[in-house]
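Each of the two complexes below includes subunit A, the first together with subunit B, the second together with subunit C.
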Partner chain A sequence: MIFFAEDDPSIGQLVCFKLKKAGFSIHWVRDGSLALQEFALNKWGLVILDVMMPGADGWTVLKHIREESEDKDVPVLMLTARGQKSDMDLADQNRATDFLKKPFDPEDLVKKVKQHLRGDL
Partner chain B sequence: MNWMHDPEFLKLKKEFVDTFMERSQMLRTLLAKADAESLLEIQRIAHSISGIAATYGFNEIGNKGEEVDLFLESQFKAGTMDLIKANILVEELFSQLEKASKE
Partner chain C sequence: MLPKRFRYADQPLLVQVLFTGIVVSGFVFAQLGLLSWQAYRETQMRSSLQIILDKNIELNRLSTKFYHLNDQLEQYVESQNLKYYRDFIETAESIKEFWKSKSPVFLKEFSIPKEQIDFYVSKYLKPIKFGNKKNISESRQQLKFIFNQTLTSINQALLELENQREQLNGELFHHSDGIFSILIWMNLCFLIFFSFILIKFYRSIMNPLSDLSAAMRNYQEGKLKTRLPVLNQSEIGFLAFRFNEMAERTESMVNELKKLDVLKTEFLSAVSHELRTPLTSIMGYIKLLVNGDAGPINEDQKNFLEIIEASSLRLNHLVDDLLDVDRIESGKISLHIESTDVVSVLRESIKSVTLLAERKKIILESDFSDQIRKCEADRMRLLQVFTNLLSNAIKYTEKGSVRIKVQENVDGINVEIEDTGMGMNEEEQKNLFRKFFRTPSAIETHEGGTGLGLVIVKAIVDAHGGKITIQSKKSVGTRVETFIPFIYKLKSE
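After this line comes the complex of A and B, so read on.
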């Protein structure tokens, strides 16, 4: 199952629609605080995090996953606003598995999910 | 069937378009104030639009949203604000939003 954190309903609904159509199960939380709380509820095959969220931004959630969670090696795909160098540096520093720049083609998202999803989850 | 013709996607697209008038009216109100806080909020709205519009097929709106976002960001960084240019760009953005919402 995929864990997905995104506060914008227009993006959240579209991502859920595309990934469900592609056959994936998805758990969507709508802000960073909820992401911090609910990540520990399950073992996820992949995490998708928006960068700009209220409560806690995507980098904070990623840092928590990599440094404090019980599943530090889960693949994490970041949804960044632009391909800014600062975002790419942060993705490297915080060991994001991959990132996708908004606005993205939903087909590219499905490709990245297939590429990184852990097979057993 | 191409997913962009899927009834479920078309419903989501309509819901997205339904937000255009509200976003446009918010931009108009904020632009009338044009204080630092309002300009930051305009940038936030433009940033949000630039991140999603093209994904739903509204490339022009997405590009204009990005133009507004980047322009305001550059002005904030430089510690200045060209209000005439900001007005022109934001008016172009809300004109595009209003036009799309009526189509």
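After this line comes the complex of A and C, so read on.
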């Protein structure tokens, strides 16, 4: 099961459509504060976080997962605005597993998900 | 703002100059007055001396006459000759006349017994004339006595005159001596006082001026909080006041500009986010459609979708370029330095433009080996540089080839990209690194471009400590040489 946080409905729908079509099950939350609440509800095979979100941004959610949650080692894929140094540094610092630069090819997303998803979940 | 205590240096320069002038002229007048007084006193004393001398001469003449009178009397008594008697009488008459010509004050001043002489002249000369011997010897006794008394008086008067003269002389000497030392002391005091005032004056100008120049230097170095103390209301104080006013205004203007810059950055990042989100959505859905995820599509539909995709990509590049230019201009371009294989970066760039080259039937010739030393560089940024340069070369070449050559130098790697394209004239080459500049022939090709690519390329190469040179000839081709050093040196601030 994939935990997916994204505030933009069209991108959310796109990702959900593509990943469901590729055979994954996905749980989509619409903003950062909901992501903080709902992450603890389940144990996830992979987390996909958008960076720019209302409530709490992707880095805050990632920090919460890595430092305070019960599943600190869950793989996390960040959807960043662009491959800038500051973003890459932030990804390194916050121990993101990987990142995908927007705009992205849905095929690349599927590849990255297949690469990082924990097999047993 | 006025200080409570009166200070010379706080006064307006005009007042300071006027005050100094008054002091100097006052001193000059004092000296002149002193000297004139001295001259007046000296003349006065000299005239007194002259009077004394005149009196002296007259008294001497009188005493000579008396001696003469005495001699004549002696001769007459000895010889009993009337001739001598006449002489005697003559002399006595002349003494009488002399007496008459002198004021009684003159005689009184020197205690000369006039009455006795008068008595002598009127009474005792007669018996001598009548030849009475007894009377004569009596008269002689009397005359001798009066004569001695008179001479003593005259001598005493002379002595007194001499005393007066000496005293006057002494006074005169003492007086000029006193004036002389007064003048010396006065000049000394004035010298000290004047130097003091001059130093004060100098300081009241020079100190604030050097403060001002130091403040200006600080201000120039960016310490915009620099202000000068306004010590007084003199011209210099006013200068400081004006400087502060200027500094205040400039500082607020700079702060305003800084705020604007922050606003611009915020605006740009907001715009880029707002643009990118719909672009991500558009491009993602196009991919879904093109990949057939939403069902099969026909060839026309596929073509149109690809056109939409290409346009979206251009829009996306524009957003990237605008953000890059903003970062470059605000000096915030940051490099993620790592050991980078330039050849592999170049291969990746070539791969990304291959499709474009194939479409235009342009041959990509590459001439390099894989055995090339790695550079300390930002891989993503170098990729951006080479991709940009290669796509430029392909975009502006109608037919022919693009040749890529890599050479290892002593201190870095030289990448040469040469095309057989439209080229540029010298005027166009000069403007090549100007923002939004595109050559007229480049615009005519209808190839997409923002005129930002080379600006970004140059900034990235410069940030690496590298160098980019472009040689071009109209209608012949363009050669771009990019030098990237092996060792990255952090630019000193």
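Note that in this section the second predicted complex is superposed on the first by the 121 of 121 C-alpha atoms of A that agree within 3 Å, B and C clash if a C-alpha of one lies under 4 Å from a C-alpha of the other, contacts with A are read in each partner's own complex, and residues count from 1 in each chain.
Just so it is clear, a contact is a pair of C-beta atoms (placed from the backbone, for glycine too) under 8 Å apart; a residue touches a chain by one contact, two chains touch by 3 or more.
Just so it is clear, the model here is predicted, and its values are computed rather than measured.
Superposition of the two structures on subunit A leads subunit B and subunit C into a clash. Touch criterion not met for A:Glu38: it reaches neither subunit B nor subunit C. A simple residue count on subunit A separates subunit B from subunit C, and the partner touching more is C.
Once the two complexes are overlaid on the shared chain, A:Glu67 sits clear of subunit B and of subunit C alike.
Using the contact criterion defined above for the overlaid structures, shared-chain residue A:Lys102 touches subunit B and also reaches subunit C. In the superposition on chain A, A:Lys18 makes contact with both subunit B and subunit C.
Aligning on the C-alpha atoms of chain A brings subunit C into conflict with subunit B at a single listed stretch, 278-286, out of 62-70, 134-142, 224-232 or 278-286.
When the two complexes are laid over each other on chain A, subunit A has residues 8, 10-11, 14, 17-18, 21, 52, 81-82, 102-106 in contact with both subunit B and subunit C. Chain contact summary for the complex, subunit B toward subunit A: residues 3, 6, 8-9, 12, 15-16, 19, 47-48, 50-56, 62, 66. Remark: subunit A residues 8, 10-11, 13-14, 17-18, 21, 52, 81-82, 102-106 touch subunit B in the complex.
Interface of subunit C with subunit A (complex): residues 272-273, 276-285, 287-288, 291, 293, 312, 316, 320, 323, 334-336, 378, 380.
In the complex of the two chains, the subunit A residues touching subunit C come out as 8, 10-11, 14-15, 17-18, 21, 52, 81-83, 85-86, 88-89, 102-107.
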